[in-house]
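Next come two complexes built around subunit A: one with subunit B, the other with subunit C.
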Partner chain A sequence: MQDKNDMNSKTKEKKKINEIKGFSSFTSALMAIVIGLLFGFIVMLLANPNNAVAGFRYVLLGGLSRFGNVLYFATPILMTGLSVAFAFKMGLFNIGASGQYTMGMFFALYVAFMFNLPPSIHWIVAILAGMVGGMLWGFIPGIFKSLLNVNEVITSIMTNYIGMYLVDMLIRSNEVMYIPSMTRTNYIPQHVQIRSLGIAGSNVNFGVIFAILIAIVLYIILQKTTFGYELKATGYNKHAAEYAGMNGKRNIILTMVIAGALSGLGGAFAILAPSEIAGSSMTYEPINVIAVNGFNGIAVALLGNSHPIGTIFSALFISYIQRGGTLASLVGYKPEIIDLVISVIIYFSAFAAIMSSALGGFFTRRNKKEKDKSDTQPVEDIEHDIINKEAEK
Partner chain B sequence: MENENYIIEMLNITKEFPGIVANDNITLRLRKGEIHALLGENGAGKSTLMSVLFGLYQPEKGEIRKNGKVVKINNPNDANDLGIGMVHQHFRLVEVFTVLENIILGVEPTKNGFLDMDEAREKVVDLSERYGLKVDPDAVIEDISVGMQQRVEILKMLYRDNEILIFDEPTAVLTPQEIAELLQIMRDLAKEGKSILFISHKLNEIMEVADRCTVLRKGKCMGTVEIKDTTKEELSRMMVGREVSLKVDKKESQPGEVVLSIRNMTVPSKIHRNNAVKDVSFDVRRGEIVCIAGIDGNGQTELVQALTGLEKMTSGSINLCGKDISKASIRERSVVGISHIPEDRQKYGLVLDYTLEENLVLQRYWQPQFQNKGFIKFDEVRKYALRLIDKFDIRSGQGPITVVRSMSGGNQQKAIIAREMDKDHELLVAVQPTRGLDVGAIEYIHRMLVEGRDSGKAVLLVSLELDEVLNVSDRILVMYEGEIVGELDPKETTDEELGLYMSGAKRDNVKEIYNAG
Partner chain C sequence: MNTIYYLVQNMLPVSIPLLLVALGGMFTERSGVINIGLEGTMLAGAFAGALFAYNIQGSGLPPYMVLLICMIVAAVAGAVFAQLLSFAAVTMKANQVIVGTAMNMMMPAMILLISKMFFNSDGITTNVRYFIREVPVLSNIPVIGDLFFKNTYLTVLIGFLILIISTLVLYKTKFGLRLRACGEHPHAADSVGINVSKMRYIGVTISGILGGIGGYFYSVGITDGNINGHNGVAGFGFLALAVMIFGQWQPIKIMFAALFFAFLRTLAYSIPLIPFLDNLNIPTDYYKMMPYVATIIVLALTSKNSRAPKAEGIPFDKAQR
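Up next is the complex of A and B:
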């Protein structure tokens, strides 16, 4: 009986510890953000002391006035962020989000221009085509990793370049899609564009809602399904996963395909967005540059602690601060300053594990002092005590 | 008392870690020229105490004296300057260097900035002759036996003119013959005036070689006793705090039909170019515990990995309950009836960052009982976990939701045993199931193995501990360099005979029995 009471008090204890754990991983992300912003402020002071305060105010608060665009720009990096985070749960580093994103964009564009479909479903098919493009580009590093054990980082760096050059080549040689004089793609027909959410002065569209729904679905897959269970087990300890008879090869391919699908959707959402200027649309410029949204996805995933829900917030935050950074140029700062701030934030959020364990330790130590000592007695000791008690009997 | 000749005194050492007092007011006094044993279960605080002596930890309370003078040891270099040296349980040798290069590593003699090997060689040869430590200075470490590697470690300490020698569980990796040799070396060293701290939990060895023994239990010092005035039973009572049965209590085995039948198994090695397992054949029957004995690294690991499907074999066949599983996947073998308690429980047996309940279903989460259309039934998992926790007495801080990483080694092992024994199986493969566990847990695990046997399962035990081999098994197969060189009856064989087989000095042709049959 006493044991049961013990157990109950322990369960309560556990809840508290968990709260502390969640709390501290949030606070450590917050600390990383604060340090990053402070660093940005110092750089602004050094660059131009007179406008530093005004510029910093734009960085902090500028996003508020452009909330629609915060959501709009958050959509692609949320998708690539989810892509990186999902692969990361399995212990794979999907640095190839850029290539998958570009492929997704191309597939969506191709369907938009070259297919003749009923307007009501054309945009859906275009989005799905983007997903397929990303899947294809995720499948390549996946199959190399699983069958030949080639490091996915190396293959994805290559697929990034291959994807980018291939897409640029295909677009430039396509007369329907490309306008050589403007070095950009043609305007996408109105009915293929994703419907706007109607926030004035922004391009925000249903894409952001889809992206958030996808994040929630991913959360459910990871937490509730056998696939998620296998995926996380493999990520934590691939030897144990193998020992338990999980099909590691299949899971690697599947994970990379899903990660690719997410990035590909990101590309589709980005390119199929409506424009605030009537009669125009988003365009792609085939100028041999690797899509930066893919790499921003890595930052988003890191700051979001590879958690699908955390990734939503980190994508929104990074988009928000980027909008502010753009506004800081009004007082003479280059928008690169915000990339600098983001880099510092990511740098410090990479310390999140260390910081949260340091903070967690601090809190448990404080709690311990306030609590009955037996609560935090190490398990081994409890075991010994019980053995001793039994022996005494 | 005060004028006794102590070379090292650790007085009232207290070392705390968050949530635990690892060393609570421990006093250890080492006389010059004695062999002083430090006895305690895992987690009793032996390693912490030695780390304090080595300057790796600073104690909260207490002081260390050398020859009566208080000294401050801030790091291992200070310890070395004071003449304290240690042979670690896992050797710290550079595999591709020669014996001589390893010995001088860190204190290389130089002349005009160039290595002066001749002087070093002279000193090493001199030392090895003086203390009877036979080594070949030019042999490469990876080519020499474990026993010789250990002698290199000892020579490293002597080369540095250390007077206080710490041996951390030195016999774990040795054959009985090598153990006898080591104990003799220790006696000779003591006779030459070296003072030795001998960390061990093997009572036989302590009784044989030590002059005095300090016993630790749960971070507390249970006292220091003269070995000549004590008995094994008393020491074990001091160590565990209760009576322990050192014998495994079991009935005569009743072997039934053959469950596992391995024929001509050959498995390549990942480490060297030879095969790790060479043409091995044997059977395991229902209701018996067959033990594969041998020194670590003689192919036992590869044999088990090939049997469970973690490793591919190049030739041979495995037959389980009449089914050929030579090419089956790990999952298929598990379904046919293999349960596997892996050698490295943290690497293979558990996902440490998963909770206890998630780990308890690691082999069965895919079964209809625990999932529906790909969604895990968490309430079923919880129910199942609670039942196993109760049945197998797994102790943890928060029950089913404890993260396994935070559990003690013994309870982690219990979780694996619960999972593997509760799963439907015909054959239980247990590889070093008691490694690193304390006496209480070892007793428990041995009891579970015997219970499994008595309920009609076949048990294949791989063990490096001679006591375990002799006490638990019903039949012993000795493995040497990838081959089975002897089949012995534990009731008739002795430590010495087993040692001869384990070191390759003696071998029978076991293969013929199975190949003919």
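Up next is the complex of A and C:
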């Protein structure tokens, strides 16, 4: 009986450590958020002390009244966030989510305008086309990294610019899509738009449901499949993984292609969404600006600790404070304050992870010490245990 | 001939920001820290410089004095901003690429916020005349006078001065040797009593100074003394990183790389003036993509025998062997 209790307490202890690890990654994200928000509040105080409290209240609570739109704006950054997070698991930094996102938008737009398909499948084909566009743009840094060992950070920054100029050029030269007098593309026809969820007063559509489903699928791939295991192993220790016989080169390309597909889907979800907010979707404006949503994806991934399920919540959070930020303009603050807050959050989450692992390490060590103390059994006892166990069998 | 004069005259002011920022990147990476945040550092310098110029432009100072004063302001701003990286990367041992990305996102937001709240615009517009039509005496030299001393900016001269100083500092001083040691083998450097953290702080600070100056020179030489938060410095911070890699972390090679990239960019923006290329009828966007495509190709070609500092990007941990 006694040894059974002992076993129980051991497994309990193990669980405790795991809980603490998960808990500390949550607290580190929370810490980064709190510091970021505090920084935003200080900037508000400096800019205009009288309205700071009112403005900050809008940032914190404003999103509540527009929760449908929070979901609507969370969809694209959830996808780019998943893209960055997925590459992170492999130890790759996919800063090229913007370019892949733009490519996804273009491919979706192209199918929407140039193809003549039955309305029931047209929108699905457009979404899949966006995915292909993103894959193509993720493939470039992937193949350069795996075959020529070129740093993926620089190549994907370059593909951001190339993608942006390329898409702008292709759109401007296409007479069917582009309306020069409006300096933007035509609005996409209604049957290609993603179906709305029909919640009054918001633009929320099926995109958000797809995005959450994709996050769950990614979680399963990472946790339950050999491929996911290989990815994580390569992310932890490249050389050990290669030594164990995993094909690192193939996995790098695959990871970047999947990451690209996710960003591309983000672009498709963004551009194909029906919305009443002018210019926020259904049309593309070629103005030589890199898509911000790709960079917001980095914040989302970092805040979510590169975990697919965590990413869902961090995307919702970022979208939530962005909505709050736009409302803060009612009392004279500019929405850019949220971009500032997000960048501060990224900055602190870069070393919050270090802090949390140090914190987690501290707890693990302390628990181990206690365990060591309680576990020091005489040899005879252990022998006794073994005999008991065999007897039980 | 006139086309060549025109291209060179326009290429030089474009190459200087690339050169300075790439040199800054070289100093940090030689000390062992990767600085992805150069784009943000450039913007910090450009914004501080332009803001200061905006405030003193009415005081009757000659343009070259305004330039020199604002250059110092930009350098200080860049150095202060770069401390965000050195604190995170050296003291906190954080992921340097993520910190750099945060820095790049921070500055455009900051510029837009400040300009929208206090100037009711997207950026700062100054009306200082930095442009020099011809340098007295020197512009009369045949060919060279036309190439280097007409339609130019003071930034070109300062840029090449900084190049010479950087080369001397890196190769001919005790400090330069120590800095390089910290990037190649920090533990060896540590074992002979060099303070690795301090050297890395200095390396990052130098990149802040050069990045800040480079950003201000971008606004002087390319956007006519103005800066705005939407276009920022058009990816020059990232291009400078590519220039640095193409230049194999060596000052003189970096100069040639900067000239090459500046040439591509100038070409892209002057297609209508070159009859031969204009007749081909290729959209200008193709040419605008060129520097970025060239970067990827160049990186692919040079990656096999890359001379990157061995310890770059790895936080220094005394206890690690």
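The definition used in the following text is that the second predicted complex is superposed on the first by the 344 of 393 C-alpha atoms of A that agree within 3 Å, B and C clash if a C-alpha of one lies under 4 Å from a C-alpha of the other, contacts with A are read in each partner's own complex, and residues count from 1 in each chain.
Please note the rule applied: a residue touches a chain if its C-beta (ideal position, glycine included) is under 8 Å from a C-beta of that chain, and two chains touch if they have at least 3 such contacts.
Computed from a prediction, not measured in an experiment: that's the story for all the values here.
Shared-chain residue A:155: touches subunit C; no touch with subunit B. Within the superposed three-chain model, A:334 lies in touch with subunit C and out of touch with subunit B [touch as defined at top]. Residue contacts after overlaying the shared chain place A:178 against neither subunit B nor subunit C.
When both complexes are overlaid on chain A, the residue A:72 reaches neither subunit B nor subunit C.
In the superposition on chain A, A:233 makes contact with subunit B only, not with subunit C. With both structures placed on the common chain, the touch criterion links A:86 to neither subunit B nor subunit C. Overlap of the subunit B and subunit C contact sets on subunit A: empty, with no shared residue. The residues of subunit A lying in touch with subunit B in their complex are 7, 10-11, 13-14, 224-227, 229, 232-233, 236-237, 239-247, 361, 364-365, 368, 376-384, 386-388, 391. Subunit C contributes residues 36, 84, 88, 92-95, 97-99, 101-103, 105-106, 108-110, 112-113, 116-117, 229-231, 235, 238, 241-242, 245, 283, 285-286, 288-289, 292-293, 295-296, 299-300, 303-304 to its touches with subunit A in the complex.
Residues 18-20, 43, 218, 241-243, 308-310, 329-334, 340, 342, 347-354, 358, 362-363, 365-366, 371, 374-376, 378, 395-399, 401-402, 406-408, 410-411, 440 of subunit B are the ones touching subunit A in the complex.
Partner subunit C is touched in their complex by these residues of subunit A: 43, 47-48, 93, 95, 140, 144, 148-151, 153-155, 157-159, 161-162, 165-166, 168-169, 172-173, 288-289, 295, 298-299, 302, 333-334, 336-337, 339-340, 342-344, 346-347, 349-351, 353-354.
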